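Just below is one structure, and these are the notes that go with it.
Should a chain be cited, it is by its letter among A, B, C and D, assigned in written order, with residues numbered from 1 in that chain.
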């Protein structure tokens, strides 16, 4: 087994949720989620139907900050716009898996992407949720991922609900006209899952070297702790090779895991590599 | 044939202080940045901007004190951080805002475009946002099944500004890559301004008729603006000028007056020369060329 | 990659007696006639057909006693007269019907496809039709403005059959000319069958991505059926076989058993040979070539 | 002034209603209406925005039974489908002029395309109205045309209302959110117009040789008869040449005016000409 980094473990775990039923939609370029979708499509889910930007029926693409959007269109079967996408995927129960990150997340699978502090007079005005409020409710599976698992992010109750899963258990979801499916949380420490209305999230697996105690301590909401918790399945050599050589050779996923000081220098290195690739492409 | 082509410098006659302006594009794609810069040059005031997923377009208008209100579902610089002036102006209470859910905002624009005062959908149940805006969100029961749905009210911008790949003088406008909510904005607005990479003749439009997303009868003005989405993308013409996005963020940290003064003191052609750069243009186009599709056999 | 390609002869396993079947195309364009002929061969019974502007597709199914009900906004043979069996069967009370206004029917299909139980619109005020169908039409008040609108209820076909220019094995389907309500039917239906002039590889689809109107995730089966809309048009593949439409009308006047027996006694390939004709095929394609655009300078 | 036939007079009169404001949509191939739109676009309204079948922003085309649909796409700026068309034209008040014919028409501008006899047990099951019920209400101008002006077609009150203009006068139309504009009836005898709620149709012009008395006699609804009624303006030489040589050389418009016995032979002649054109096009 090769060495791997925690963001690679997370990509592989998120990828495992991607299957061939329903459409997977990628909005903003969020490298970890994008990498997971590409990995799934290149491995166990070749028929996964991907939509990114307004490219529908995408081929898998290489990640880059400056060209990922262009890549999305190159192998795509169809062009739509936002409105057709939301009506034909999100609202018509054709959504498969949605992987989101948010400023805060709680035990009812509610997210806050709006504000820290009062809504009208925010201490920190967050970016807003785009389509998340509707999407996380409608999709069959919700995957939430967090590079830093801590009780300020995973809170007992978000102070402002930008959006929510609405119904959790399969039965109550189906009664509300929603596709049944779980909420899976993938963090730098563990994998949490919730699929019943009356039970809280439980720890599904722990990353190597992480204890259940640490996870409970770092989680603001109630957790069920099974007696016997497996270790999160490690990435395979094949997955790592695909990730490092094909899907994300410049290392865009790791960027979100860089400490503050190193971030800009790391970004510059990625952008230098992308610039060079463009120069090569035009024969300079 | 009608000729709606005007110069970018005439934008000021098409957008008035106080207007409700829908700005096209989404994520880092395809925001009508040349028009935004022109609004900054024209020192437009008290505009209300409407954006689905805004970026440096919204942030720059806020920096230039052109907006009194922002209606949005998201404004972000993605990997480059929170939009700095968006944060500052809202946190300081200097600009009011309406934060909508993405689908509520989009379907509100759609409603106006298709001539209904509202549309129902299975809404953002449980979200705190609708409760803040009873004029925009309501509940409506299906008259057949009794199902309770969310109603989103029609949104009518005074003017929509969207950036296309090309358009003909009649206003038939084409996109190849991301069109985001450009079509819904154009259909909803009272007046429509198309900026585009290139004004072409009608034959070019006819030869690519499947790419026409806004037909000419909607359009009031066509403006040629090469690199008109820069530093954002316009696929397949060019990729993201991430380097200039970084400059933008850095300029904000240093105080933004110099950045604004430079834009106000130059024409759009000057901007292209100074900021995009003749030598950099082919590389920005090369970002599209180098973008790679992967096949399972690569694995 | 998923392979959904099946033979036309397998249609019978995809459409059951009693199904509610939406049939694509509109006017004389693009009705899925090869599939209709196969339903006749399979002696399907008690179907409910849904059509926006139906033609010989609906009329032939009525002649073959395959329908118990027709939901339509129009059924016509245009210059060739009223649809003869449509008239006969309804006037004789042998088939029930729902006559909807065109927009009510179309928006009802749209509603189902976008996941709402109804949609409001400024309806056919004053028409006598809505009053006949309270299960399909109702009134709804805008919760913001109080305006009274028409609500049309979501319509869900069991199966939609639409005829495309080409599709790949995954089901990504493309149209160049008339698509009528094919997309809305496909999005509304529980199951979707694409017949097409040609099954192509994915690369051909990608190279023409702007023509993809139904993406593969909707599609259950792809059937190659050249001249699959004949005697109707499929632009740009072929124009209207007006001569065979005339034969159809003439056969009706003479009693229609011979016409039906011939279809039932042959495969679709036989039909192409017998009725379209190897020698006539290029001329039917030439009807498209000879079609003329006029310019003011012609005047 | 050249000699002309009544269908040519009708085409030219309908064409005069077509202007450059709003979109003109053509559904089924109805030769007289199509010819009028093409004539307008080739003469006084070059910027008229035409949509035919799913071709939007059409160039003017030559009429034929077998190829008019193909022609519509050849010079068109845009492709849509029915749903986008109805939402972007009809329902959003972008409709300019709609010319319709119907089995019956009455003094309130209501049409019957549904039934002769009881609706559920019809004596004659008519084809249905397609989008007419909504369209004639929404469009700025309604033009109704009839090749045979008689009191069985132009009736006092249609026994079944497939659709109706809903509001007639400009003020009541605007109050209902509709574009203001008149109802114009063009027949083989005369032109009738109505644009006020409280006044009936009035005779706007009489075709050469037709008297007001004949028109009143042949009309089932009340007519206002002005003292001084002008003759319907004759087609110009230029209009006739465009119609005969460019727009409709095979004579599809006249087909609808043929007496029953001659119809099929006439149709055969048109189709022979179209077949020959196709053979020439493929080099046979």
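Convention: a contact is a pair of C-beta atoms (placed from the backbone, for glycine too) under 8 Å apart; a residue touches a chain by one contact, two chains touch by 3 or more.
This one's a predicted model, so the numbers in the text were calculated from it and none came from an experiment.
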item	value
Where chain A and chain C overlap in contact partners, by chain label	B
C-D or B-D - the one linked by more C-beta pairs in contact	C-D
Distance from the mean Cα position of chain C to that of chain B, given in whole angstrom	38
Chain centre separation in whole Å, for chain D relative to chain A (CA means)	57
Inter-centroid spacing, chain D versus chain C (mean Cα positions, whole Å)	26
Two or more partner chains touched - positions in chain B	114-116, 121-122, 147, 176, 210, 213
Residue list for chain D, restricted to those that touch at least two other chains	46, 55, 59, 73-75, 79, 91
Touching residues on chain D, where the partner in the complex is chain C	27-29, 31, 38, 42-43, 46, 53-55, 59-62, 64-71, 73-75, 79, 81-83, 86, 90-91, 110, 113-114, 119, 121-135, 137-138, 160-166, 177, 238, 241-242, 246-247, 252, 255-256, 267, 271, 274-275, 277-282, 284
In the complex with chain D, residue positions of chain B that touch it	1-2, 113-116, 168, 170, 172, 187, 202, 205-206, 209-210, 212-213, 215-217
In the complex, chain D residues that touch chain B	20, 22-23, 46-47, 49, 55-57, 59, 73-79, 87-88, 91-94
Chain C partner contacts - residues on chain B that touch it in the complex	114-122, 135, 138-140, 142-145, 147, 149, 151, 153, 176, 208, 210-211
Chain C - residues contacting chain D, complex	26-29, 52-53, 72-76, 78-79, 82-83, 86-87, 90-91, 93, 99, 101-104, 106-107, 110, 121-129, 132, 147, 176-184, 213, 233, 235-236, 239-243, 246, 282-296, 298-299
